[in-house]
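Below is one structure, written out as structure tokens; comments come after it.
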Amino acid sequence: MAGNSFGDVFRITTFGESHGEAIGVIIDGCPPNIAIDTAFIQSELDKRRPGQSKITTQRKESDIAKILSGVFEGKTTGMPLAMVIPNEDQRSKDYSHIQDKYRPSHADYTYQMKYGIRDYRGGGRSSARETAARVAAGAIAKSLLAQQGIHIFAHVSGVGKIEAPNLTSADIDELVTMRENNIVRCADPATANEMIDFIDSIRKAGDTVGGRISAIIQGVPVGLGEPVFDKLHADLAKAMMGINAVHGFEYGSGFAGSEMQGSEHNDIFVNPDNDAAKLQTLTNFSGGIQGGIANGMDITFRVAFKPVATIMRSQQTINQAGETTEITGKGRHDPCVVPRAVVIVEAMAALVIADHLLRHQSYHATK
Amino acid sequence: MAGNSFGDVFRITTFGESHGEAIGVIIDGCPPNIAIDTAFIQSELDKRRPGQSKITTQRKESDIAKILSGVFEGKTTGMPLAMVIPNEDQRSKDYSHIQDKYRPSHADYTYQMKYGIRDYRGGGRSSARETAARVAAGAIAKSLLAQQGIHIFAHVSGVGKIEAPNLTSADIDELVTMRENNIVRCADPATANEMIDFIDSIRKAGDTVGGRISAIIQGVPVGLGEPVFDKLHADLAKAMMGINAVHGFEYGSGFAGSEMQGSEHNDIFVNPDNDAAKLQTLTNFSGGIQGGIANGMDITFRVAFKPVATIMRSQQTINQAGETTEITGKGRHDPCVVPRAVVIVEAMAALVIADHLLRHQSYHATK
Amino acid sequence: MAGNSFGDVFRITTFGESHGEAIGVIIDGCPPNIAIDTAFIQSELDKRRPGQSKITTQRKESDIAKILSGVFEGKTTGMPLAMVIPNEDQRSKDYSHIQDKYRPSHADYTYQMKYGIRDYRGGGRSSARETAARVAAGAIAKSLLAQQGIHIFAHVSGVGKIEAPNLTSADIDELVTMRENNIVRCADPATANEMIDFIDSIRKAGDTVGGRISAIIQGVPVGLGEPVFDKLHADLAKAMMGINAVHGFEYGSGFAGSEMQGSEHNDIFVNPDNDAAKLQTLTNFSGGIQGGIANGMDITFRVAFKPVATIMRSQQTINQAGETTEITGKGRHDPCVVPRAVVIVEAMAALVIADHLLRHQSYHATK
Amino acid sequence: MAGNSFGDVFRITTFGESHGEAIGVIIDGCPPNIAIDTAFIQSELDKRRPGQSKITTQRKESDIAKILSGVFEGKTTGMPLAMVIPNEDQRSKDYSHIQDKYRPSHADYTYQMKYGIRDYRGGGRSSARETAARVAAGAIAKSLLAQQGIHIFAHVSGVGKIEAPNLTSADIDELVTMRENNIVRCADPATANEMIDFIDSIRKAGDTVGGRISAIIQGVPVGLGEPVFDKLHADLAKAMMGINAVHGFEYGSGFAGSEMQGSEHNDIFVNPDNDAAKLQTLTNFSGGIQGGIANGMDITFRVAFKPVATIMRSQQTINQAGETTEITGKGRHDPCVVPRAVVIVEAMAALVIADHLLRHQSYHATK
């Protein structure tokens, strides 16, 4: 209800503010007997962590997740799995200059108006720091999905007006290797270099820039997703739009598909395995989802991120008293959010698929 | 859980298949003492009804909603408000030719695989006929919102590659008049004519085409929306992506915004009314929402619809036995879905805003 | 949220007022391919129907449920299953005398205060007529459970100070036969006669009397139920307390168990089948549930109903203007509600067990 | 879904096992600007804490709750309020003797069957230690309710066959004083002494005994509660039945009321304040709730606790291999749970009322 939970069966609730004691997450509904690999959780958190490279914020936080419950002798027990990530590098003093000013295109004004109180330190709850909790939960979801042969890949497909060509491989392991070879996390090496140079120039200019992340989900069994309101792509859309700075979502043919005609857009069914339960389609404009339900093809979607609102330039704004004032970004901020957001996109996708996997089971396992 | 409900406090549950006895909806959580205008409900349903013009399906259905409960002496009572719309023009025979064939880019295959059974008549539950129930519920939500000075406007802003210019008016009454002056429901008369001619040519060619709907919501009070997962735009995205044939959603600056830089994208606060609780922004790239919460500016978003999958041409496909076969669209279908979908977009937007209005009240009315 | 839905996965939402157009129910989350036996649904409704015998209300309503959706060729499709029961015998005039008076121990005053409006005809939504919708939904749940070998039995175990002896059979078919042999629905014939005579004398005196219903659920597999808040008995308690006129619930040893000592109350495990997954207990003070989760033994519980509030005598009360006035019951009311409530208790128990069956599956079917 | 959350708007999720790292709770939906009194939270936890007196377990745990989020400068912010209580006195070795034995009338067998894995140390998640998290959350709910003039009182009204007389005061402050004057927490001094002596004798005999807790809620405004399934007493019942060891719940006249006749049971309305919105009733068999909705009178209910299952005597049981074995309670256990459960009953009642307060607001604050 108050917006801090996600999922129906595999359900997470996150808590914590940017400069409070800690952030964290409870997963409720995680099946028992899933092996927990804390090194994997950490490697996922490390992909989101600040201070990774010259094109991300220089803040230092180790972002170490501690499991408080729900795991016994290395396996999940079916009980709520709670993880806490302490806030180390709080430097609250950095934020005194914004205590009573509304930063443009941030959530300061809306939180103040909604709640009549706000923790202004680092954006408080509206800070993207909260997404670390999602990444930790996403790592558990990924472990569950991997057991079922489901794998998720996302990469930076666009920065500003730079757009990567279509992926040249359908092998997720290979794609991950290509992506992790560069600091912008684009699976196309030439485009990656272009993006890195561009972000670096933007950073030096004290400015920021938006970008796009594209994703593939492989191995989703036919049947996941629900009709009408909880279509698989509707839940993916909500998951992605809930990530800080996201302004757009499309799946399959997306906005471009709305310019097409039915005769070219329809995905023709074929039966290469001669198995009526394993059909494929010649094209995949449907993005792996038909009528809201997975059809066994790759699920594909794309997410648009606006430019980071905190810039290192002076901007006019209004303070809590309603007076005109000026504000200049201080501290350590990202010139472009997408390289660190790749793992967040994957985490949220994993949470959606895990939840739909369990939802699907609930009324289909009955003999 | 099973996907047929939407909303947390103002919560609807729809039921019914295209060729069953009836479709309908229960609204639970509607506040009491809202005056119910059955003529208004009907006028909304008439905008979605088949058989409106030469560019929509020629099926005839009167789509009359009957209220079964929750209204007493013309006002809501706070009890569940149930509405039923009988299915009149069922012509089940039209569908015998698809009984065991999977129509390309429809939900036939996924429903059969998920449930092991499906009502194949007219697509059963996956038919867009179900959206009539949403429109009826949306009419009640609009009545509730109108009491609070909140108004919603959507129109067809794109068909195929044709794109309407930006709106020239900010007055919703005026925009509605311009939109209802033409059968494609585009508020720009010149573009409307172009769209109508194009759809008509597509129809004659036995083909279909996609399109786009743009929307504005005015009068939303500052503070609606929740942090983290239930951001106002995340719930709008889910609502829109749950409409049949929708493949993309963006709000505010959307995908285009992801190409911009922070210095041009940030919305500068101003205080024209000299009221610290009624700030405005000079630009509105934020689309009226910051940190997931309404900031009092117009909420703007855009929705992409794929071309209708049923075309009047022969296509190759697979049947339930896994054999290759052919299929040709029969019956009466829309060449382009967007003219009839405008009121569905508005209805779903109204349901999202009504729900967030009540959610916001729940913990803010406390003295 | 607004209180008209029950269940998480097998979820029902009821609607309708006593003297409105119709009452009804949507079941969302019913698994597909359950055979629907409309005669069975009707036979269940007939057990709750008014006008059955001299000790129930003499109102006549045929209470015929019409299925509007979710069933195709005699089987559930996994889509929402909607049922409507028209209100036939409305006689609204019977209620003009209570239009602005608050009947003692009814919901008139609280509904008026809560909503500022109420459908006073026959109690509107607060009428026990709403439970017919639950019985119809319960019939579907029972069909699902019967497929899994789960069976529910309830009977009238107490009326006023009359208390039936413990059941002499553990065979549900036999118990049902004994119960249906008499109009008070007590499985002990001698006690049944005593109860019938007592209720008849109460009725002649223009008064009413309370009673108790006891229930057994057989065949529930080990593992159903959830920890902490959604213990199986906690959900049974909520389900029973939500039935009109219920004032108390106990399971297993109940209130009497709170007077016992651990050494006599503990249920000793034994392994008669030499199967470590099919243990039994020598006693069953736990009522088939340990730690909120079914242990495979019979689930037992008991429900207390207050006397019907409408009596055929003059009572002092207050009207909407706050003035003292008098009121006398008119029309056709039950002198004792328990004979008709037996099937409601069974229906609600079936809904709880069906829901927990599907919930349990959701995270345990994962391979 | 997985059972570790409670409430719809004021919603808590607890986590943690008896001998894990920590237990804790997230409150989501707490209104902003509630002053947080950590001393009060602690004083509540101290009432549940082990080691209080000779009639409770001698385990020592300081049970200190640490707030991790959701509070800024002493006030709630509307963000998730997370609290963690570290587990200090773990002594896991105490439990090695039960590692593969099913303790009679505990949850060992059902957890093992349901999940295929269990944290056997101290009962893991099924331990009543989890209720400390509820007490911490209940303290926040009580602070919210106190602002609205709502107060809750519970005390031990029965131990074994000993039953306290009816309360002699209607003043909650006075009742609290009387209750806290003795270690069994019964507001009647003479009965308290009798109870203490009896529990002490039971303890010396290595046995345990059940008991009963009675509660009053004062100041609940007319209108709280929802119709049909979420009646205020239905949610209270679920809340109480979810407390470890509870086997029965009744409100108002309860089971005794089911033996009465309508003419004596009906609560006659009066209007002593000459205010049509502040009626009272001459009697209160309705327990302050009519049709599921508070009527402004005191809400009264009673809860039955079975005897603690762990006794200091040898009992026969079965181990995980299905073999017959013996078990003897070790360690430090309560001979009677009710003195420590009083504050748990109050906490759960506070959570129910707080949730219904916010639910009621959600659709009634609309102008």
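By written order: A, B, C and D. Residues from 1 in each chain.
Here, a residue touches a chain if its C-beta (ideal position, glycine included) is under 8 Å from a C-beta of that chain, and two chains touch if they have at least 3 such contacts.
By chain, with names taken from UniProt: A, B, C, D = Chorismate synthase.
Nothing here was measured: the structure is a model prediction, and the numbers come from that model.
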For this session: State the pair with the higher C-beta contact count; candidates are C-D and B-C.
Result: C-D
Problem set entry | Farthest chain relative to chain C (centres taken as mean CA coordinates) | A
For this session: Could you grab the centroid distance between chain C and chain D? Build each centroid from C-alpha atoms only and quote it in angstrom.
Result: 26
Seminar exercise, completed: Whole-angstrom distance, CA centroid of chain B to CA centroid of chain D, is 46
Exercise. In angstrom, rounded to a whole number, how far apart do the mean CA points of chain B and chain C lie?
Worked result: 39
For this session: Any chance you could list the residues of chain C touching two or more other chains?
Result: 1-5, 8-9, 14, 29, 32, 78-79, 114, 125, 227, 359, 362-364
For this session: Could you please specify the touching residues of chain A with respect to chain D in the complex?
Result: 1-5, 8-9, 11, 13-17, 20-24, 26, 28-30, 32-33, 66-70, 72, 75, 77-82, 84, 114-119, 124-125
Seminar exercise, completed: Counting only contacts in the complex, chain A reaches chain B at residues 1-6, 8-9, 14, 102, 104-107, 109-111, 113-114, 125-126, 130, 158, 160-161, 202, 207-212, 222-223, 225-231, 233-242, 247-255, 257-263, 265-271, 274-277, 279, 281, 285-287, 289-295, 304-311, 313, 315-318, 320-324, 359-360, 362-364
Seminar exercise, completed: Residue positions on chain B within touch of chain D in the complex are 1, 9-10, 29-32, 78-79, 144, 147-148, 227, 357-359, 361-367
